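Once you scroll down, you'll see the structures, which are given as structure tokens.
Shared chain: chain A. Partners: chain B in the first complex, chain C in the second.
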Partner chain A sequence: MSGLMRLVLLHAAHHWVRTLLLAAAASVALALPIAGRFVVDRFETDLRERAQTVPLVVGAAGSRFDLVFTSLHFRMGAKGTIELGEADKIVRDRSEGVIRAIPMHVRFTARGEPIAAVGFEYFAQRELIASTGRLPAGLTEVSLGARAAGRLGLGVGDELPSDQRTTLDITAPSSIVLRVVGVLQESGSPDDDAVFTELSTAWLLEGISHGHAEAETITDPSSVLGRSGDAVALSGAVPTAQRVTDANAGSFHLHAERSELPITAVLVYPPSEKAATILAARYNARPGTQAVRPERVVDELVSFVIRLRAVFDAIAMLLGATTAALIALIASLSVRIREDELRTLADIGASRRAVAVVALGELLVVGMIAASLAAVEVAVLAMLASTLVSMV
Partner chain B sequence: MRLLVGVFAALMLIGCGKSTPTASTPEHDSVIRAGSGPIAFVAQRLAGGIATIELPVPEGDDPSAWRPGFDAIADYQASMLIVLNGAGFEQWADSAALPNSRVVRTADAAGIELIRSTEVTHTHGTEGSHSHGAMNPHTWMSPRELSAQARALADSLNSAMPDQADAIDARLEALVDELAELSLAWRKVDVAGVRFVASHPSYDYLAREMGWEIVNIDLPPEGPITDDPIGELIGVVEADDRTVLVLWESEPDAAIAEQMLADFGIHSVVVSPAEGGPIGAYLDVQSANVDRLARAVAAARGK
Partner chain C sequence: MAEAAATIEPPAIAPVVSMRRIEHRFSSGFELSVREWDVASGAHTACIGPSGCGKTTLLRLMAGIIEPTTGSVELLGEQLSRLSSGQRRSLRLGRVGMVFQQLALLEHLSALDNILLPRLVAGGASHPDRERAQELAEATGIGLALKRKPARLSQGERQRVAICRSLVTSPELVVCDEPTGNLDPARSRSVVELLIAEADRIGATVVLVTHDHGLLDLFDRVLDLGPASGSANVAANGGQS
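Entry: the complex of A and B
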């Protein structure tokens, strides 16, 4: 190391607070646009990858974004429902080959985590397997996504109360106790954040099914509106079970025809593009329903994101230019403060180049530290990109 | 600097990595599992020898009230096809996690016009539509409806085993012929002068096919029979000149049958709904039903 560089380093080390502050400011200005691009790219990639896993989603008419994000990312957006019979009809229609149609219902939460009530084939389609316990098989059984299990701090054998949708409506179905029978292996997808259950549990949460004592045995006058030879009319005051047990499991019953039960979407896997087109046309032509291709919906969303990214890039460039100007200002002030010191160097015979190295070497040191810090910041943010995206 | 670049590259690789599922779930085995005896019989006739047919419902259990444990549900989940009667008969299937595309609810798939059951257990509030078990699921008692269910099942079997489609279609035609013969046998029973009362609404589809008039009155075969159904039964006897013949799902308590005959001239006959196993028993049970009914009708008319 030359004597001049040693002099520069010693000076930077002597004023280490100033050096580090300058380097940190510069590193943030350098790293933010690059890291931002990584995060946005990961966001786009994750969205597209997830969208590509489902060719067609059929649901109630309304926002296509809500339908896709409710069905694929378990966001509580979609309000409307269609009937379970639609899923059966899609499966039964074999005119274009065998179609897999997975009904799902996403409208409830349990301690803030989305409850995804799905047809059993969902797990095979997504290659989800239980790391402990098993998949849900019956009423109120749930298997937790890996991240959801971590956040909830629950495992096999624990209980999880569902959240009430409204606290103001006393006639709304009460909270139901869900039984954790499994925790799923981490998949690196939104499935890690959901509480999975069987569809019948969703109808229990909706209040369409419930369990209570045999109607014939209920004697409380406030619970019985009337009796006839073959029927007992019960009032809404009949206490219903909030927890399914071996003793009361047989008392749970549906108050609707199976085909009329509500679902929020059907994930459809047609055997060909032609089959997908026919199905989409059929449901888009029918009032009250829609069929969307998640890939196209995500493309539409991403085009907005790309436009936003251009704005963020411009802001980042402005931030970088401002930071560079500030550092230049600080450097010029530093040279002015060190004017006597530099003149002494010149007086004792240092060349003009040597004086310049001593004066501007500090900038070089700050730049090198800033670049190193920026590299680490970008790497850390890139590593956390998936987590950051999953939190969006 | 080289070290920094290395660390940066390593961190980038870790950051960009994405965990993927390491194992896939095997989707199904090669077994067709049924939810009730009659539909297991149809599956056996259509695909026996081509695939294994199982009826997980324990013999003697009522398939509509049976509640499978987790092991039984896991078996159903692993099935190549899950063959149910549908129309709400297998109540457990409404709250079990089953693979939708491999479940065939044959009565629903066949588009059978379901009969709304008159046996309503209870309602909630004043809304009449809030009743459960409202659809009568006993479609298989009608040979015509069971033929339609067999055709629906054959469609699903052909999709699941396209290389066996010709064999399945040939078997279907043979089965439809057998069911047509059964239908003819039922039709040959001369029911003139007899008024049918069903102790359980199991015969509505058979009655619809045969053009019989039938009244459903809830009468437990093992007794005791309370005043309300007895009153209804007497009402039927008094309102009709025809001899009343009660169709029982299983042998009624001898004392009850004798008392009904002695006091009101009401005859009894067992017409088994053949709901459970064994798998191949459907036609034999129905032939025996036809014979018993023919004899009972003749006895009721005093022939």
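Entry: the complex of A and C
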């Protein structure tokens, strides 16, 4: 090591707190824009990859962004529903070839995690398999996405109460106890963050289906609105089961025609671009429904994010310039404080270059530490990019 | 205005320092004038005089740290006015040792690194340099304090570190600016004796500024810059006016 570098390092080591603080500040200024880019790029890639997996989504009219993000990322955005019959109609229409349509209902949560009630074909389409246990097949059975299972700390055999939609409306369906029958293998997609169940569970959570004691056995007059022959009209005050057991499983029933049951979306896999175009046109022309191509919606969103990124880049550059100016100010103050020391060096005969190296070497050391710290920060943030994106 | 007029004793060999018709003016109005002054090789010269009479300025002119307004300084056979700033620094670094008034130790360096400072700024300290520093430290009684930083050294130890630093390059000239300013007379004497002894070991010429008249018997030349004499003189030991 050269003598000058030794002098520089010894000075930096002597003032290690100041050196580290400066380096840390500089590293953040360096790392933030780069890490920000990583995260945004990852966000964009994840969005695009996910969008490419579904050619068309049919749902209730409203925000196309909400429809796509509810259906593909299980974000609780879409409010409206369409009828299950629409999925059947799409499948039955063979004019352009065989169309696969997967109904889904994403409206509820369990301990904050989204409940994705899906047609059973969903698992095959997404190639989701259980790492432990099995896929959900019965009422109130759920299989947890890998990350959701980790967050909830639950496994096969555990119970998970659904979140009560409101505590103010006593007529609203109460919380239902869900039974964990499986944990899915990690897929590196939003599926890892969902609680999967079959559609009938969603309708139970909606209050469209429920289980209660046999109507004929209910004698409480406040629970019976009227009787007509064998038919008994029960009031909403009849207590309903919150948990499906072997004993009461048979008592669960629907209060609607199957085709009229609500779903939030249908994931559609048309055989051709032409079939997709025809379907999209049909549903977009019909009042109350819409059909969107997730890729286009994501393109639209990404173009907005890119515009936003330019703003963030400008802010990051401003932050970097401010940090650089502050460091330059601190360095100049440091040189002033070290005036006597530097004069001593000059007096004993150190060259101007040597004095400059000693004076500014601190910046070099700070820069080197800052660059190393920034590299670590960027690497860590790049590793966490998926997690950060999943939190967005 | 301080004036130093020389009574020349022709040196046997070329002088280490030779000053001719020096005039130096500061913007504050202070002026230093040296008509003619030579420092013989191997001599021990003390510069005395009251505060503000120009002792430190004389040393800085002699070492080429500052340039005189007029006149010429020859240092170790080199006419300083003919040298660039870089060449003057290089000459000082390699052939002149300096002890400063406030010692000017670097607080972030150990005693050893402070001693080796001239070598470090010259590019690096070799193994022989370290051995030389160790040897000087042993000789001056600070061999066990080499790893300590100045803040953890006594004033006497700090003085010794500064002296070792001035000698580590085995210079031909050692220039000291009141190195014992803060010490009691007994301690001052022992420090200057040590300096002269170590300088003698390497055959270095010593020029030392002091206001302590009790030390003058240690020197064979005295330059008095005091105003009382009307003009300062270089005189044989004990004969300063």
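Quick note on the criterion: the second predicted complex is superposed on the first by the 391 of 392 C-alpha atoms of A that agree within 3 Å, B and C clash if a C-alpha of one lies under 4 Å from a C-alpha of the other, contacts with A are read in each partner's own complex, and residues count from 1 in each chain.
The working rule: contacts are C-beta pairs under 8 Å (C-beta built on N, C-alpha and C of every residue); 3 or more make two chains touch, one makes a residue touch a chain.
Remember, predicted model here, so these are calculated numbers, not experimental data.
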Side-by-side fit of chain B and chain C on chain A, or clash: fit
Chain B versus chain C as contact partner of A:R37, first or second or both or neither: neither
First (chain B), second (chain C), both or neither touched by A:E121: first
First (chain B), second (chain C), both or neither touched by A:R165: neither
Dominant contact partner of chain A by residue count, chain C or chain B: B
Touching partner for A:R282 - first (chain B), second (chain C), both, neither: neither
Touching partner for A:I129 - first (chain B), second (chain C), both, neither: first
Partner chain(s) touched by A:K89 [first = chain B, second = chain C, both, neither]: neither
Which superposed partner A:S187 touches (first chain B, second chain C, both, neither): first
Smallest separation in angstrom, by C-alpha atoms, between chain B and chain C in the superposition: 22
Contact residues common to both interfaces of chain A (with chain B and with chain C): none
For the chain C and chain A complex, residues of the former touching the latter: 63, 65, 85-86, 89-94, 96, 98, 100, 102, 104, 106-109, 113, 116-125, 165
Sites on chain A touched by chain C in the complex: 1-4, 6-7, 10-11, 13-15, 340-341, 344-352, 354, 358
Residue numbers on chain A that touch chain B, as the complex places them: 38, 42, 87-88, 91-92, 94, 98-103, 119-121, 123-124, 126-129, 134-139, 141, 185-188, 198-200, 209, 215-216, 225, 229-236, 238, 249-250, 252-255, 257-259, 372, 375-376, 378-386
Footprint of chain A on chain B - complex, ascending: 4-5, 7-8, 11-12, 14-16, 18-25, 27, 65, 67, 70, 73-74, 77, 88, 91, 94-102, 105, 108-109, 118-126, 130-135, 155, 159, 218, 228-229, 232
